[in-house]
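Letters A, B, C, D, E and F mark the chains in the order given here, with residues in each chain numbered from 1 onward.
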Amino acid sequence: MALAYLTRRERFSAAHRLFKPELSDTENFDLFGQCSHPNWHGHNYELFVTVKGQVNPSLGYVVNLKKVSEIIREKVISKLDHKNVNLDVDFMQGILATTENLAIAIWRVLEKPIRETGAELHCVKIKETENNFVEYYGD
Amino acid sequence: MALAYLTRRERFSAAHRLFKPELSDTENFDLFGQCSHPNWHGHNYELFVTVKGQVNPSLGYVVNLKKVSEIIREKVISKLDHKNVNLDVDFMQGILATTENLAIAIWRVLEKPIRETGAELHCVKIKETENNFVEYYGD
Amino acid sequence: MALAYLTRRERFSAAHRLFKPELSDTENFDLFGQCSHPNWHGHNYELFVTVKGQVNPSLGYVVNLKKVSEIIREKVISKLDHKNVNLDVDFMQGILATTENLAIAIWRVLEKPIRETGAELHCVKIKETENNFVEYYGD
Amino acid sequence: MALAYLTRRERFSAAHRLFKPELSDTENFDLFGQCSHPNWHGHNYELFVTVKGQVNPSLGYVVNLKKVSEIIREKVISKLDHKNVNLDVDFMQGILATTENLAIAIWRVLEKPIRETGAELHCVKIKETENNFVEYYGD
Amino acid sequence: MALAYLTRRERFSAAHRLFKPELSDTENFDLFGQCSHPNWHGHNYELFVTVKGQVNPSLGYVVNLKKVSEIIREKVISKLDHKNVNLDVDFMQGILATTENLAIAIWRVLEKPIRETGAELHCVKIKETENNFVEYYGD
Amino acid sequence: MALAYLTRRERFSAAHRLFKPELSDTENFDLFGQCSHPNWHGHNYELFVTVKGQVNPSLGYVVNLKKVSEIIREKVISKLDHKNVNLDVDFMQGILATTENLAIAIWRVLEKPIRETGAELHCVKIKETENNFVEYYGD
């Protein structure tokens, strides 16, 4: 038996804004800087989903990569791509649209369907720009 | 004398939407697909500005790259980064926020200040995603 | 009116081999080196298709990017991805499977359907590895 | 003393196919999809080998990077580059040519020669496409 | 509560040389190869600083990314960018200018100011070229 | 007959400094900013050499890519990699070490040996950082 980690990259282009609704625009700017801009801004987000599991001796893989891709597209990308993270995404309602919170929310959405493939979710990584990324391991 | 081309890359993260205000959401979707989403989406845009000119025999360069970068940041990036292309950008008012129109508008904004450096604007290239980019040469 | 260039990147993973069927393996190795390996090798090819045209004043784009992508996928990618360039691809039959010949053949396949969109094919670029690429402009 | 991790990237372009020889083409397609294509396909694989060890106080490095590169090229790249993973590679005989199995096999090939440099093999990572990669840590 | 990892990339272009001052050029070449070249060479280094911490429930992030970037720029980049690692950098005096030693020295410089933000330094990664990088986790 | 363009990327890591020897350090700083730093700095330069020519109907390529790579390595890379552009490179003696001048000098070095392969040198492009590059077409 051998334990391997398989990572799939998917992408989504979305608008978002960092702000607390109970604060004024000025107060939000003090907390979140230009990321609080009231008219939104956006990113080409890159999502890296890592699953781990024993390599199936008969099939030679941890899990069918195509299946992993389909789960991510159905549960995550279809809800985020060409959308507004704050306004349109059911699993981000009432949550500050930071990269950290997005990674945690995506973990919660993916954990069960990934487990049903026989693998285990290991890491959700989101690259917001070429200079910033966040990783969440479920802890 | 030698003619060289110098390219500077700058980046901006912005929200936008493709739509015609006189049309309904459904009609805009028929024309522009998911890019017409009413709640906006966004991108990490990469902007490549190419200038050309004779290499200055005394200084060894076409133009001071730092000066080119400052012009692009002052005239373009400061207006687009962490902003909404449709709502916030003076030189995009009344213009469909396509990558083509953005490249043409940026050309018009940069042409004169680049000429004042002694070089000539050659190309404005905008990469919207890793799979799409537009080039405009002033024609 | 304004003339702009729009580029779409698509990818395909394919096997190929450089060889002349009338030569021995040794003779082919002398001509093509390790690229002539009889058991095939392969690449993640990146294909960049550039079209040019006037920006439509009403729609703000040269041509619908989604339409360009669909043409490339139907005419080119569906025939090359996860295939053998030498054995499986109708438009490469009887042609040495070099990057140059692949670019020329893809130009011939795309020229007419791109023209039917109202734009004009400008360049077919194929990146074979991170260190090598070929461009063909129809001349 | 300080424990550091050193990673070397090497590349190989190879053909492969996912299939079980005891099954028909149709059955293999059901299991492995287009990756089972009988005429092969291929990739530009990127291999990342991470070694760990105490930083040598006199030399300032974990291990001579050039030595690590030479080991990888001799033991792995020379056998895979411009080759067919299924047909040509001694350490992949009788093994399904998945990325997982390739990573495990490369680990087994590299573990001893890396140890002889004084460092320890930590991770073998293989990037098959820009969207997929596998990591193996020897467990 | 949720534990997340946040990574910031910063860059610096610097000259360096690997050598022991008590040795001759020939002896240094024997130890360090072309990296010992007496007239220096240089790199575009990429620095990835990863911090970890609980996601602040009120602000939705581990730590203000802008603050992390400012610390890295003030303490590290301002001392290394467009400089000579061997001659100009206070925290590298008397230390062999390997990537390993650079990562360890940057860790020591950043550990305290990162802790003062409320987060904890997790990893310093330095990419010297597209083929080589080093990671240090403080052990 | 068909005219194609073939590009080869090669890399070199080098130190350099922008300065005029007849000026003081302060005066050089006024002209060249931090690029004039007296103790040198450096870059991972990427060199893209584009050649053009008719595709050989018998061989399917413009020119043997391996031959192009060998010429570039022998004439250019061997002189620049792990070297100091100002001090070590014969074809840069007495020339300001800007990216423009480097591109022009490399053009002059490569023009004749490329012509002897039967192809024609079309462009020398040098990428100094991920944000800056220069192109020279021989004019």
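Rule of thumb we're sticking to: a residue touches a chain if its C-beta (ideal position, glycine included) is under 8 Å from a C-beta of that chain, and two chains touch if they have at least 3 such contacts.
If you're wondering where the values come from, they're calculated on a predicted model, not measured in any experiment.
Q: Name, by label, each chain that touches both members of the pair chain B and chain F.
A: Both chain B and chain F are touched by C, going by the contact rule given at the top.
Q: To the nearest 5 degrees, please report the angle of the rotation taking chain A's Cα atoms onto chain B.
A: 180
Q: Consider the two chain pairs B-C and E-F; indicate the one with the greater count of contacting C-beta pairs.
A: It is E-F, judged by the count of C-beta pairs in contact.
Q: Taking mean CA positions as centres, which chain lies farthest from chain F?
A: Using the mean of the C-alpha atoms as each chain's centre, the farthest one from chain F is A.
Q: Using mean CA coordinates as chain centres, what's the gap between chain C and chain F in Å?
A: The mean C-alpha positions of chain C and chain F differ by 28 Å.
Q: Report, in whole Å, the distance between the mean C-alpha point of chain A and the mean C-alpha point of chain C.
A: Centre separation, chain A to chain C: 33 Å.
Q: Hunt down the residues of chain A that sit against at least two other chains at once, touch-wise.
A: 130
Q: Name the touching chain pairs, would you?
A: Touching chain pairs, listed by label, come out as A-B, A-D, A-E, B-C, B-F, C-D, C-F, D-E, E-F.
Q: Under the touch definition given earlier, write down the residues of chain A that touch chain B in their complex.
A: 11, 13-16, 34-35, 37, 39-44, 81-84, 87-88, 129-130
Q: Can you list the chain B residues touching chain F in their complex?
A: The touching residues are 2-10, 50, 55, 59-62, 65-66.
Q: Would you mind writing out the residues of chain A in touch with chain E in their complex?
A: 18, 31, 33, 95-101, 103-104, 130-137, 139
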